[in-house]
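Look at the two complexes coming up: subunit A is in both, with subunit B in one and subunit C in the other.
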Partner chain A sequence: MGHLFSRISPQTLRILALLVVLLAIIFFFSTQVPNYLNGRLFNRISSSVAIMALIATGQTLVILTRNIDLSIGSIVGFTAFATGSLISQNPDMAAPLLVLYAMVVGAAFGALNGVLVAYVKIPAIIVTLATMALFRSALVEFSNAKSITSSELPLWLVNFPNTVLLKFGQFQLRAGFAAALIVVLLVHFALARFRPARRFYAVGSNPEAAEMAGINAKATVFAAFVFAGALAGLAGFMFLARFGNITVVAGLGFELKSVAAAVLGGVNIFGGSGTVIGAFIGAILVDLIDTSLVRWEFVSEFSREAVLGALILLSVTADAVLMRRLIGLRANREKKLARAAIKEKGKTSEVNTPKQTGETAT
Partner chain B sequence: MKMFKTLCFASALLVGASTGAMAQAISLEGGQDVDMVLLPKFLGILVFDQANEGAQEAHAELNNPGELLFVGPTPENSVAGQIEIMTTSATQGQGAVMLSNNAGDQIVPSAKAAQAAGTKIVTWDSPIPSGEGEDVFVAQVDFGSIGEVMADMALSILGGEGQMAVLSATPDAANQNAWIASLKEVLATNAKYSGIELVDTVYGDDQSEVSYNRALALVDKYPDLGLIMSPTTVGIQASSKAMQDEGLCDQVKVSGLGLPSEMLSYTLNGCAPEFALWDFRDLGYLTYYTAYGMATGQLSGEIGETFTAGRMGDYTIEEDPGRPGSKRILMGPFTVYTSENVEAAAN
Partner chain C sequence: MTNPNAGSAHSSKSLFAKLRSWEAFLTFALILIILVNSTLIPQYFTIANQINLFQLSIEKVIVALVMTFVIINAEIDLSVGSIMGLAACLFGWLFQNGISAEMAIVIVMIAGGLAGALNGYFIAIVGLPSLVVTLATLIGFRGLARVLVEDRGITGFPDWFDALGQQGLIGPVPFSFFAFIVLFIIAFIILHRSAFGRLTYTIGNNREVAEFAGVNTAAVKMKIFISSGLVAAFAGLLYAARVGAVRGDVALGFELDIITLVLLGGVSIFGGSGTMVGTLLALLIVLNLRNGMALMNVTGHIQTGVIGLLLIVSVVLPRLELTRLFNSHNSQGTKQ
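After this line comes the complex of A and B, so read on.
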């Protein structure tokens, strides 16, 4: 057990800490809200988080490279609308083509961000703040004040997110959530195991060192924005399928929610560290807190935003403290093991080592 | 439908009474040159575009050689954008700004500055809550009667008794809050509605995803909920979709204010059996006539003044019962849509 504990990476520890916070929040609300803990809660959160999970994954890729993408909500809105108007004009279009279209449109927006940030060298926060407004205005122009309604969409598209794949009592595994989960896991394992994907971490933790090691930092940052755009496009497709009714406000505010999910999930805002799984759990946390607060009698509509902010701060703090504790505990254990080893050695060579009981007590 | 008749009757009485008191309705003279701005809450929403169509129709009808601008902020910048456009309009010397206010009383300083520069401020759809900085409000319907219409729809859908909850737009939308207040008032005072319990009010921010999630949270929070009343076109659609997706339409119905073209399928499949709305083209048309009359000095904007608004007939400026000290022009009435008339209206 001890051996296992010291072998777990800090990233895994962080994910464990997040899961503890998640369980604590679920436990807390189950004492406050009647009829809280049931399959319905799982179905609600999983269906709703499927979209944010994809956006948070894209945001994580960008944040890893020391950048940020504030235009991601506008990209989701635009692709949702563009995909909706394409399929309503060509109702017989094949599903994979439609998904591809959404991702290509998103990636094109991401490429514009990427060029400006990586090659023109304008800070990402400025570029994406501007493109957030630009992409949204493009949507207003493109939409011509019409909305997409679910009645214009083919049935397979509208039914897709809520199709039940597996069922355990009240718990349902729905296609929308399953698809998002697969994407999250794919990106996670690519980042962890796939050598080219490790460049995102390298560029984020030390751009100069990465350059010297032969990594093309510009191309890496550019790629991060393109991938984020493509994932936002995919999220736009999911948004269209789930809500059916798309107006020009679609995806408004998603940029900040995705940053919140990533940071809550332990992605370092200064780049270089964090996991996609973490951001995924972060997205679940934000959604869970938001949904639960609406059902909590104690909080009025007007203080809900404040309580949500406070709870996010509390979760981040709890997570940070828990992390430090776990890392400290592990360091202590390693120290102890090392000391024991020295003692063994000392006995054999008959040299006394001074006892340091004080350290372990603190 | 009985409600609809009483409303017509009431407005007929109103018009009758006012024309009786005033000898003559002012007939506006066309052809005068005045630049005007139609400023919606934000761009890209169908109903605001319909209001613009109505205003353009009136603009052509009155032969105004001046310019009618349809400008609005982008959705993420609504409040600040409205204030900015208001300020710019004053410096440009526009004759009138026709405003659907989304900025609450934050718009007041810029609206007052515009008035000081000689620009008339005519609000429509959503007024300035305090009435300051506003010359007159063109009300789509009597805000007090919206409560009664919603209560009547609830009564018929719930079959006399049951729980209902309100899903609104944003917590600071002046029109939404006035309508919810009037609904509460009607429910509390009229014994006819004693079986209906209003259990909660939540806000979907006029965004599909927030409204959708709020609607489901309401269902989870109140197991006996029978109706979600959403007086906003985005909220009513999202709630209907959420109930349909989760197979809850038999248990929880949806009603409120919606667009026939967007609500067609939900009305026909029974998720949203009844909803109401007024004509936004007419609202834009009447607003243009009012603003044109005031900007050209043909209307003084005094209470009791009556004028003819083209094809729509005579209207009178009166005190706004919901905002003492402020003035309004009442358009009314609105139409209740059911499976019988929704298809015709949707096309």
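After this line comes the complex of A and C, so read on.
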């Protein structure tokens, strides 16, 4: 067992553990709630998780670089409103242009955060705490205390999130979820395989070492904020399409929810490790618990936040404890291998330094 | 940000250097705001308005005092708003279930201490990052508050309880104001005149070094988080008394306002520096600025935006100053 666990990478292990938790929760509720496990559950969760998945993806990029973006909810609110007012004034506008507009507006806000954090060197938590308020007041000014209603929006936009692309019995793959899934997978594979995207990990795990290795740490942090802004913009577009009615409080509280999804998904709050898929599963977990507790007759529906808080605490504690054990197991295995190698050479009294173990193990 | 204690260590610092300190800058800003407010708004300098200005945010202001300790200690507590909400809702729930208000207050304070201890346990003893732990308890404690009151509002507290929050205790000055003054003095003495205060700075500066020096860092952190829970619970009770009713969303989102106050006061987010006077000046600035804007019919979101802008400026300014200081005397000990 020890060997098996120490061979799989910690990241893969985290994702597997999350999937097990996810399945366990689904199994538990399927025994408790009559008529729980069906296509409608999948459809409901998949369409509501689409927005949070995009936001959590952006948040993950920022957290990977040892930063945090608390302004993300305000960016979602602003872009949702800006996109809505643009399309209501120009109803014939092409869809790709509208999406592009949302992403560019979001990226511009992200760039402001990025400049202040990466180049002016103000801690991200201060910058985004301030811009959270600033972007929100920009929205209030921009909106002139009016709101967007779904009657002002073209039909294709309102219908987009619920358009069924594929159908397996009751299970529907809806366009909104499919779009979010594509983005999540793209970012995930970029982070795993695409060389420039690996910089987010490098800068997050050790900024000085990354600089020495020739990585421009400032540009990387800046890029993380711009991407997070663009993804928040895209989420704003989805928010508009899904809800149709946009007021000045749109996206309020998304910042902490996205951090919660990322943390639940195993993204290290100190940067350097974590996956977008993990954050995505984290977002699904949050939604699943939300949706399921409402239908469970033994607890009041008001307990879902309490359960969620406890779950985050539990999962982070379990994660920390397991990781410590895993590191211990690995160290033990390397020691054993090293000892075996030394015995073969016939030098029994040798002290094994970490450098030696590294050489002999490979 | 320069270490504000460097000034007191080098007592030979000239008056000019003192004038350039962060506290001096905040004082100038405060005087400016008061001058602008009093010239533009005739009703600003009335006693009623001055009391109102304090009373409307007294809960946040009180929690900012203990948040100063938390951040100087290089931690953060996002759960204070939820503990305030939980305290208010627990009070309402207990009262509704026939427990006397006096007894309910005692139970609520114990619960606040326990909530803080829960944070402290995971942060100081398990060793998880405070940002994550208090984010989880921000959600969790709010959830408990909602479980207690669901979507109802609870009201009809005893008259003396409501009066404590709404009427003047001595003349027109309410109880909460006196509570703030007393808590400020206590906080000031502990932070700047006690061994515990020194430990708070030392651990905030470098936890490992403090640990090697034989400091029980876990105990200090535990005490700080328990106090944070206690003070937040007290503030939640004040809120219940002032409004005379509780709901599940009491003090929702207060944590970010409170943290903004403390950071504006010059406390470094990396821990190890900041003063109680800085926090006091910052909260006076924010209260007066908000009051002035409210009297000039500026909406709440815009007010928050202005405070946000102020926060960024307040962090950028000393940095510009810092580069100049570095050029003049390189030997100055600086952080970051």
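As a working rule, the second predicted complex is superposed on the first by the 301 of 362 C-alpha atoms of A that agree within 3 Å, B and C clash if a C-alpha of one lies under 4 Å from a C-alpha of the other, contacts with A are read in each partner's own complex, and residues count from 1 in each chain.
Operating definition for what follows: contacts are C-beta pairs under 8 Å (C-beta built on N, C-alpha and C of every residue); 3 or more make two chains touch, one makes a residue touch a chain.
Quick caveat: nothing in here was measured; it's all calculated off a predicted structure.
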Subunit B and subunit C placed together on subunit A: clash or fit? clash
Regarding the shared-chain residue A:Ile122, is it in contact with subunit B (first), subunit C (second), both, or neither?
second
So in the superposed three-chain picture, is A:Asn332 touching just subunit B, just subunit C, both, or none of them (first/second/both/neither)? neither
Subunit B versus subunit C as contact partner of A:Thr149, first or second or both or neither: first
| request: Identify the partner contact of A:Asn162: answer first if only subunit B is touched, second if only subunit C is, both if each is, neither if none is. | output: first
First (subunit B), second (subunit C), both or neither: which does A:Val248 touch?
both
Q: Look at A:Arg295 in the shared chain and tell me whether it touches subunit B only, subunit C only, both, or neither; answer first, second, both or neither.
A: first
Practice prompt. Classify the contacts of A:Ser303 with the two partner chains as first (subunit B alone), second (subunit C alone), both, or neither.
Written response: second
*asked:* Contact-wise, after the overlay, does A:Val263 reach subunit B, subunit C, both or neither (first, second, both, neither)?
replied: second
With both complexes overlaid on chain A, does A:Val140 touch subunit B (first), subunit C (second), both or neither? both
Only one listed stretch of subunit C (97-105, 241-249 or 259-267) runs into subunit B, and it is 241-249
The intersection of the subunit A residues contacting subunit B with those contacting subunit C is 132-133, 136-137, 139-140, 145, 248, 253, 302
As the complex stands, subunit A meets subunit C at residues 68, 70, 116, 120-123, 125-127, 129-134, 136-141, 145, 248, 253, 256, 259-260, 263, 269-270, 300, 302-310, 312-313, 316-317, 320
Counting only contacts in the complex, subunit C reaches subunit A at residues 76, 78, 122, 126-129, 131-133, 135-144, 146-147, 150-151, 248, 253, 256, 259-260, 263, 269-270, 299, 301-302, 304-309, 311-312, 315-316, 319, 336
Within the complex, subunit A is touched by subunit B residues 42-46, 48-49, 74-77, 171, 201-203, 206-209, 212-214, 216-218, 220-221, 223, 234, 237-238, 241, 245-246, 261-262, 264-265
As the complex stands, subunit A meets subunit B at residues 33, 35, 40-41, 44, 48, 51, 132-133, 136-137, 139-140, 143, 145-147, 149-151, 162, 239, 242-250, 252-253, 290-291, 294-295, 301-302
